[in-house]
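The structure appears right after this line, and notes come after that.
So that you can tell them apart, the chains are marked A, B, C, D, E, F, G and H in the order they are listed, and the count of residues begins at 1 in each.
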Amino acid sequence: MREPRLPEVPVDNADGFTLARLDIGREARCGAPEAVFAQGKTDADTLAIAERLVEQQGHALVTRAGPEAMRLLRERWPGLREAAHAGIALVGAPPPREHAGRWVAVAAAGTSDLPVAEEAAMTLESLGVEARIIADIGVAGLHRLLAQVETLRRAAVVIAVAGMEGALPSVMSGLMAAPVIAVPTSVGYGAHLGGLTAMLGMLGSCSPGISVVNIDNGFGAAVAAARIVANERRLAAT
Amino acid sequence: MREPRLPEVPVDNADGFTLARLDIGREARCGAPEAVFAQGKTDADTLAIAERLVEQQGHALVTRAGPEAMRLLRERWPGLREAAHAGIALVGAPPPREHAGRWVAVAAAGTSDLPVAEEAAMTLESLGVEARIIADIGVAGLHRLLAQVETLRRAAVVIAVAGMEGALPSVMSGLMAAPVIAVPTSVGYGAHLGGLTAMLGMLGSCSPGISVVNIDNGFGAAVAAARIVANERRLAAT
Amino acid sequence: MREPRLPEVPVDNADGFTLARLDIGREARCGAPEAVFAQGKTDADTLAIAERLVEQQGHALVTRAGPEAMRLLRERWPGLREAAHAGIALVGAPPPREHAGRWVAVAAAGTSDLPVAEEAAMTLESLGVEARIIADIGVAGLHRLLAQVETLRRAAVVIAVAGMEGALPSVMSGLMAAPVIAVPTSVGYGAHLGGLTAMLGMLGSCSPGISVVNIDNGFGAAVAAARIVANERRLAAT
Amino acid sequence: MREPRLPEVPVDNADGFTLARLDIGREARCGAPEAVFAQGKTDADTLAIAERLVEQQGHALVTRAGPEAMRLLRERWPGLREAAHAGIALVGAPPPREHAGRWVAVAAAGTSDLPVAEEAAMTLESLGVEARIIADIGVAGLHRLLAQVETLRRAAVVIAVAGMEGALPSVMSGLMAAPVIAVPTSVGYGAHLGGLTAMLGMLGSCSPGISVVNIDNGFGAAVAAARIVANERRLAAT
Amino acid sequence: MREPRLPEVPVDNADGFTLARLDIGREARCGAPEAVFAQGKTDADTLAIAERLVEQQGHALVTRAGPEAMRLLRERWPGLREAAHAGIALVGAPPPREHAGRWVAVAAAGTSDLPVAEEAAMTLESLGVEARIIADIGVAGLHRLLAQVETLRRAAVVIAVAGMEGALPSVMSGLMAAPVIAVPTSVGYGAHLGGLTAMLGMLGSCSPGISVVNIDNGFGAAVAAARIVANERRLAAT
Amino acid sequence: MREPRLPEVPVDNADGFTLARLDIGREARCGAPEAVFAQGKTDADTLAIAERLVEQQGHALVTRAGPEAMRLLRERWPGLREAAHAGIALVGAPPPREHAGRWVAVAAAGTSDLPVAEEAAMTLESLGVEARIIADIGVAGLHRLLAQVETLRRAAVVIAVAGMEGALPSVMSGLMAAPVIAVPTSVGYGAHLGGLTAMLGMLGSCSPGISVVNIDNGFGAAVAAARIVANERRLAAT
Amino acid sequence: MREPRLPEVPVDNADGFTLARLDIGREARCGAPEAVFAQGKTDADTLAIAERLVEQQGHALVTRAGPEAMRLLRERWPGLREAAHAGIALVGAPPPREHAGRWVAVAAAGTSDLPVAEEAAMTLESLGVEARIIADIGVAGLHRLLAQVETLRRAAVVIAVAGMEGALPSVMSGLMAAPVIAVPTSVGYGAHLGGLTAMLGMLGSCSPGISVVNIDNGFGAAVAAARIVANERRLAAT
Amino acid sequence: MREPRLPEVPVDNADGFTLARLDIGREARCGAPEAVFAQGKTDADTLAIAERLVEQQGHALVTRAGPEAMRLLRERWPGLREAAHAGIALVGAPPPREHAGRWVAVAAAGTSDLPVAEEAAMTLESLGVEARIIADIGVAGLHRLLAQVETLRRAAVVIAVAGMEGALPSVMSGLMAAPVIAVPTSVGYGAHLGGLTAMLGMLGSCSPGISVVNIDNGFGAAVAAARIVANERRLAAT
């Protein structure tokens, strides 16, 4: 098979060993640039990769960063935007907002689900998409959700973030026609199984039209939502 | 340890082997008589035990009966009350209804959950408690539930039967003050895990005040509800 | 809480018992009408509900129907459209196709995944959305997928159906910018865990932008895709 | 759908972002006020929410608080009531005891299960219900349980707290007619699976009449028990 | 490594292919002869192996036989001893009873657990050990167990067979000093997980001194019990 | 990305729909031709694909075929080679044997594991590699294995097939230097979890040098073994 | 039911609250005295209970103690016997050794399994039974086990401790006639699932005659072994 | 059974207790010497065993060492080779490289998978086999992998290391004929289940010819690869 020649930017360490190959063409190909997934990387590698990404594309999003990596990022890029609880940071110059008038609603069932909602919101921002967080509208007090329904119906996409039994997306999806992306969170204990119960419940929902991402994966939900927001423009360009 | 002498009625087979020891004192002690759990028993043993229970207490409830056992029960007790889908039958003379004015609401999220709701209702009836089934009020179309809230608030206990993600009890429990007993059902597929997902979700609910029984266990929910209905009378008698 | 008054059409049995409450307003509210989930329902109830839905909205989609239910549906509505392997049937007059020029690609990793792809395609059709199935492009022979990339890039949404390790959506999502909805299938054995492995792998994918529905849930993926296809029109109308 | 107008008290942060919406009507609607679930919240948010709840209803129950949150609560409300091991605190003026003569038995199988029993007892107290803990009556030394049976039979509700194989509720439920709410605990190791084994065993109990809450969820068991204690008064008022 | 030369009797098929290697020395080495585990074998292979075992040692125990294999065994050895529900048969001349005055109690929690108890009893008999089944003494009606305690204390070993939550061995082990071997059964549903819950509960029991065998493994429990019964004689001979 | 042009042979149905795309270049690329995985395919599709494969490459291996598919294959290709229990058939002219003097040992722990061993052996044969099955050498009678060690040490690769606890590969790998591929089987019950326990045990083995394939996957083990047998020739040709 | 009057020694805290009820009759009834399970207890409670047990029976065994509890025990009872890695301590005067000439072999598959073997050995000692540890005889180097077979055959009971795939008991049980009690350990990673894999493998062993205790439960294995060692004396006394 | 006399070197502690039995014959028998698995061992035991291995065979590989053990190893053998992140060290004089011209490719899907790749590479080196790591070629940016295909095809064996959904080995195995050994890693979160999802996906791969080792088990993959590299020499010597 002939190998395609796509842009690939190597990040080498001091020994000349190639520890990462930046996929600089991803934004053109997939609509969203590479981000740095910090889990399992040394802090030095995380920084080196972020540095190179900023060089190439002006900014970089770092996710799943531990406290020490966050500290180093702040030191290197004072004034970066971050959601410390969520271990996420946006370094370099954020891109301008696009898709005027289109925004994504990020609904959080409880206050404890906010870090994941913030991960989604910051990721959307890094992609030039407006995000609005609506917090604490879980189903235990249904009137709080019902009071927001009219607002939610005006969103381009709804990201529904919920832990515990994760019932929020089922109820929301039955109340509106927007695409609903469900994000289970690890908030809960015991039978919650670290978020698996919420995730499985969302997948088995009685309300069709919901699709689901990994536990606490605000980042992935945001990328999926941004693809939907950009869809009309992409199709017009095809 | 000195052994207590409680009433115990042996059921022997032709060889004189004691295959069951009926706990005739259970009603006095626990408020509900023994029932016959047919799973894993030969049909002959199920019938022999039911026969002896009817002798002792006038009626018997048989649960988890297969089609052949149901056929034999019908043959032996023509006109018995049954919910064939649920594999449950009430043979002999049903007890009179007690606890005037107190009734248990059995809410079913979907039409597919009806067999479990019927198991609960028939069990309640076998205990002299009135049951009212309210079907197809799942959360995908919330207005169907909201339309029943006033009715449900007048119930002594609410049994909430739901499969799939099992969100119904969470939403109900946040709308009313009655004790809510949640029954997960095996209706669903894939991520539903045969009902485990609904069960775990109900246990991890964000609405406090819910307690949960086993998957498809309409029988157990009914016995628990009957204990609550009878509670005031029991305490007055203490 | 004051109860809203939304259209709700009861389906009663011979005894006057309300076994279902049709959510006739769902299409207006959520963009897709109610379907009949046949699992766990008696065949009589399935038919009664389908009958009433056809009365109300001209057609009805029945999913998860067993062979006997399929036979009864064919008897009642000769010439219905069906995918027998998938237990899905569309009875009554199908709606006209809308969203001209927008179509959904339904990619199936292997020939064995076709029933689920067909469930998705028939559901899309019942919602007036064009679907094109592209079969047998799994990652074991990558050139088969690469040969379809240009075609797939022109789709409004991509539904990626795969069993076994479920790697197809990860690879596809890295090759194109369309929204990708992943459907794990129960094709496989052993470590496949009835589709759970494919489902979990899709959720944990290294390619962001994927969202996932339940195992074998072609229906749910189609409803989610249809919401995306209809999104621009919905937002313009807001 | 018309939105109901129920009392909702926002808690905003310094930026004017609404991080919580207090459900002040919950006590009237459901019989128990909102509590603060501290897991996943910043300590600042936990305090802000507790503060606002005390303002609104005179006291607040905080559950799942970590050591630092407990320290801050003690600093803010010196003399609060707490069960430090259980991470639970009751701040503000506790409500008066109601339901004279009715009390809830909180039975703990082993001394190691005491923190969960204390969470249940303190929650009951916060709801104005009397609780009595009876510790270390697990089934390995049956006479310890049998010695308490007469006492337990006088309780309005029995909460049975047990780890390991969780056999206590099965045995208790067969000895008395009170409603039994089972609480599995995370006490155990290996095959105990962090409490899942006890939880599943309680759900699959051979003694009907038991209902179950989440692992270590003394709080939820207490709210369920309080609903039962208040049931007669609620029904009389309907 | 030099290979030991132990007695090994090949069973060949018509093509001269060696499909089994009978371990004729196992009784001398381990105290119990080989049995035929029929699951996964063709009926022809099962019969050929049983035939050869009877030739070598006078009798053979066949376990996990399906209905057709049972029919063939009955045809070949009319008058064999069997427990058809348990899929177990003892063909050829059973060995004489040994260990005078020592017997094993096989306690079954419910009537539904009898097939497993019978598998244990028949296996013991095939090893020359006396077995006595005591049925239906589960913990939901504790007095039934307490009434048998004095009898059980005289057994050499107690095999405790229980499904559902499997609490029987915990309670028994706390009442007597005999070695207790727990056998979980697959009797139950839902949270019972096909017997896993009972098995895990027995392993995590609060009563020490219990050891556990596989689900429904009456055979294995019997072999373990027979080793204990024979222990004194074995040690005297060392 | 420019698409490579690799040989791809479509299989179309009567409507011109492409239901499969045969990867005719796989043998050249990967060393083994495509096989037909029959699970989830209609019998008609299975036959059509096999037919086309025989046309293209002279023979075809069909795996996971049900009884009806086996019957149709026999009808179409009388005299095919098959292992009916394993649902595997080799149709058309089998390839000549290659790699003279190199053979693969397929060791089966018990007679019940033979179908999986036969799947491995027939797959090897379809790839031109000699296979020798050595049956019933499980670890419960260690001398049976030790008697085969010298033979096994002469094999090019050892495939170790075992159900239940799956200990055979661990013991074998510690006795010889050949590459050992472990195949867990679904032979067992209860704690065996349909083969998962054997599979997990093999993966966690204390003997390094073992690699593992899916449960009952004799086919995959054979393809992996054939790659090793062909390795020297492949490398010499590079 | 009349309550039996068995010896029960309360341990009260400063407030007069009874936090434990010592089962002083357990040794007479079950052959082994109560031990202190420290997990989940405050260090103060652990010490108070140990203190009271020493008063009553001269010594006490404390299991699952954390480092701080171990430090406090050492401070209170200088010179206690302990296995610090195993979190086990024997305080007070150990009982004299009984059962002359009878000893229990505690075999450990690897050096990493030693803490669990030591827990078993120290427990046996606390019960007056001699224990001999034989370390590092796992199946990866079979000759190490074979070299110990003659020794092991002279043991009254064999406790086989193994992590990873846990194959040791299967192999041992096929080589000797002693009762074999298998103890899975948490030594391993990944597919080992914290010891579950070893545990499940031991339960599903192909060698009958093995019984199993919980993961890392050297204590429970020792109590079970001691019951077997004491069996002849117990039966003679009946 | 006569015991074979194989070389076994005891490691005793100060009390003369044999805590390990070095299997010095393993290299001759199995092609790879014993390594020290440090998990669960005291640091003192780890060092004593490493010391004795170096004495016997010139070098020793220590795996799964914690930070303190690593520190002690460095102190004792300054200048040792190590991959600190992977907790692996090679002490003593490494063996010369053998198998000229044959090398093993160790492909890592992401930078976060490097520690496991390094464990594999260092193990191969300790066995005298050349290893080349190729990092960050995961399937999200397929061109990075395709650019390496020609290189990978020249490797004797390919070790494919991947976390998340673990799709890399499936794609690689379809592109080349080398034996592929898949290593799932614990890189990921939520639905990743600590690496189980990647592991199960690799086992259920649609590309035949893959075999799998435990999560993060670079060591085991390397030993299996080395057996394949040495295979031709071994067979020639037979």
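As a working rule, contacts are C-beta pairs under 8 Å (C-beta built on N, C-alpha and C of every residue); 3 or more make two chains touch, one makes a residue touch a chain.
Quick caveat: nothing in here was measured; it's all calculated off a predicted structure.
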Homomeric contact chain E-chain G: same or different residue positions, threshold half: same
Selected interface, A-B versus B-C, where C-beta contact pairs are more numerous: A-B
Whole-Å gap between the CA centroids of chain A and chain G: 50
Centroid spacing, where centroids are CA-atom means, of chain D and chain E in whole angstrom: 45
Separation of chain E from chain F, taking each centre as the mean of its C-alpha atoms, in whole Å: 35
Chain B: positions in contact with at least two other chains: 1, 4, 6, 26, 110, 140-143, 163, 173-175, 188-192, 199, 203-204, 214
Residue ranges of chain E touching chain B (in the complex, touch as defined): 85, 110-115, 133, 135-137, 140-141, 143-144, 146-147, 149-150, 163, 175, 185, 187-192
Parts of chain E lying in touch with chain G, wherever the complex brings them together: 1, 26, 29-32, 35, 102, 142-143, 153-154, 156-157, 173-181, 199, 203-204, 208-214, 217, 219-221, 223-224, 226-228, 230-232, 234-235, 238
Touch list for chain D against partner chain A, complex: 1, 3-6, 8, 17-21, 23, 25-26, 34, 37, 39-42, 45, 49, 64, 184, 186, 194-196, 199, 214-217
Complex contact set, residues of chain F against chain G: 109-110, 138-142, 163-167, 170-171, 173-175, 188-193, 197-207
